[in-house]
């Protein structure tokens, strides 16, 4: 098809760290022959903030807010994983009502994350209308979260030993109304995604990952469930309310982009149902328990299912009020390597779709380098920037 | 198979390789072993019991102990088996798990650059997270890492 | 002297020059506003395209390394000039074209393609990966839609028995060709979308893949002129559609109604469709577009033969 | 072959109101739990410093003027604050509160972010002391 291009000449197409396809910084290099990708490589680290090092100099409570800011989209789940870990170490049992509220917020967050993903993925495919509508509908969930917690992102619901905010009867009503609206919309989106033949041409049989390949690539979350691997931490290692009220597993077997769309959309539908169940059974009780400032020495592991897949926290305490080591394995790190295999042989036009198909979150991923600029940090104020601009243009004109 | 039975089974299977077992939580098993035994133990875990590698954690025990620890976390359902290798801080070397778990590569790259651990025969040793102009020999997650001025991007 | 003044007015003020540029910006705004409203957004204010253009014209022009500066500067000018010249032969606002001669339809069609060619050359000239890929895609797409687009324009010409836009319009004023040649109408409009790289045919400038395609390295004046050229082409194309298929244009109101109707059609397709990959675009045009138009031609000949 | 499946949506939008909300939106009501600017009420404060200790971003500082008389001055840096409300959770005497309606807090200079709470005379005294410190 692309015989007009010189066959012997291969292009290297860089995508990122600044590129319209990626809303977050990551660098990919694709070697293309005409329109077909021949090889790919990945380089991360553009969003490093040194969080894993920084936690070693802050108290347990301060770390909660630091870790919540690892990711703007799945902030609650990071804080939850950390809280579960610390509470395990301290031997504290969180009141059941607090656990259910945590779960409700986690599921609301999953809804917001998946709807956001749907929009981004549609945008990558050049289907901006679906993008606009899914993001419009996502506002419903943002509003709910705002009413519930006061913030649209970084809800800060968790506190070590419980939750800050109670779920009142009026919230109950608001959530149900929002969910009813979203359920109707999501059913419609499922229809669009699985039936619109132009959209299907961009998703069906693109970047197929078989069951075996998914196991070899070690992918997690919806990406692996789209390939038929039954792996969901909410079921495998139930935490919070998932232990008492099991959630349904969503599985697709095709492993192509369409399956990744369908799995996420069906997870949305399941989340709506699940939140309704939790609202029905919301137990009465305390919101928090006391937790000591110093956490007993020991090591623990907490695994949760983030919207993007399995989130793994390893926490080591040495008995002081500062953690000794916290290691975070984010789902994107497990998924990102699969992209470099998946894109080979695909059209360049499909590459952004494949990339987004795993729902990468680079800021989750890039968190550990220390950029220690205290003292030497060069913050430019407006005047300095203006001066620089003047000098730049003077240099140019001469 | 319940957790206890499986964990007991794992314990029996790996008894030749593992020096010491700890059971910190009911669903966890933590075994220390030497770096020579790591590959065989990991192969056993994957092929016989179907565990998958979930993360590789590095821990710095501090300059006074002069050791680094590297933890391999294997999971299946709710069970977690951790294999722990204690390394010499001056020359930390472990075999790469990439032949058994191909997806271990990014984890090993991460741990390698953060702790200065050498993974023998790992396919890719290029930097994953650290900047290209990061000073050689500075491993940021070691406790005694000298980070003042290492990465002052603004001054460059 | 009078003749010279008339030419000057035609070229600089009406119908090409300033009036056409302004008209093009208004149509661009209608397009953007409609897309926004269909996507449940507010959309820009009416002067947004004008503001964009002024801002771009004021911007610094950056020359990428390794480019031929003369080509870099003049390609946008030639492209815009082509589009503006094409407007001389079409009945803007329903007034008779400024210039008219037998065969001006073909000249118009080729003048319209000039912009696309300039775009492709500009992309190759700037030598960036994205520009190069964008240029390749632009030219590939040109070869895909050009044939059906031309055939769809020639359909009315055949029944009218003339290649002069004026005469074809006179013929189509008597009967609305949209009813006798519906396929031609659809192919012409969709072909226009392909020409203007409007979604779903925007793979040559797909922002999520190749940033801005051939125009990636363009900023400031060059970008403004290319964009203006595309907007002018939209107006010319819509005028041709209205003149040929929608029963001709009789007065300015008629013109606005018919062109905006066609634009609404384009916008609806634009908002409800996913971007096609370049191989899918080519496949669509050669497999369906051309074939359909040929079927249309077969009918025309059969009917002509019978009558 | 189904195309234009979103047709119904766009038709609805064409004749409906846009979903975009203007900014600033006069009709907007702040959610009840919105965490805005922090306010400190000196009554009841015992100077336990728990709010300062657990602040993840070191936005708070409590100066003790006179411990016996319970006179304190709180220095609050809005620019540093992450609005997590941990300080409110920590305060056992309900001295801290986050304003629901003060959320549009941007400013063009960092000086205007710093807020001193406490008795006016105490604040003055503190500020004077700090300027003489600087000049030395």
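Read from first to last, the chains carry the letters A, B, C and D; within each, the first residue is number 1.
Everything below uses one rule, namely that contacts are C-beta pairs under 8 Å (C-beta built on N, C-alpha and C of every residue); 3 or more make two chains touch, one makes a residue touch a chain.
Everything numeric in this text was worked out from a predicted model, so none of it was measured.
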Count the touching C-beta pairs: is C-D or A-D ahead? A-D
I'd like the Å distance between the centres of chain B and chain D, where a centre is the mean of that chain's Cα atoms. 42
Roughly how far is chain C from chain D, centre to centre by C-alpha average, rounded to an integer in Å? 54
Measure off the straight-line distance from the CA centroid of chain B to the CA centroid of chain C, and report it in whole Å. 61
Let me have the rounded angstrom distance from the C-alpha centre of chain A over to the C-alpha centre of chain D, please. 27
Which chain B residues sit where two or more other chains touch them? none
Which residue numbers or ranges of chain D touch two or more of the other chains? 3-6, 9-10, 19
By the touch rule stated above, which residues of chain A touch at least two different other chains? 129, 133, 136, 196, 198
Does the chain-touch network form a line, ring, star, complete graph or other? other
In the complex with chain B, residue positions of chain A that touch it: 43-45, 48, 50, 52-53, 56, 88, 215-219, 236-238, 298-301, 303, 310, 312, 314, 316, 324-325, 327, 329, 333-334, 336-338, 366, 368-373, 376-378
Contacting residues of chain D [partner chain A, same complex]: 1-6, 9-10, 19, 31-35, 53-57, 82-86, 89, 108
Could you please specify the touching residues of chain A with respect to chain D in the complex? 58-59, 61-66, 68-69, 129-130, 133, 136, 139, 146-151, 154, 156, 159, 164-165, 188, 191-192, 195-198, 382
Quick check on the complex: what are the chain A residues that touch chain C? 1-2, 4-5, 11-14, 19-21, 32, 35, 122-129, 132-133, 136, 196, 198-199, 201-202, 347-352
List of chain C residues in touch with chain A within their complex: 38-41, 129-130, 132-133, 136, 139-140, 199-200, 202-203, 206-211, 271-280, 282
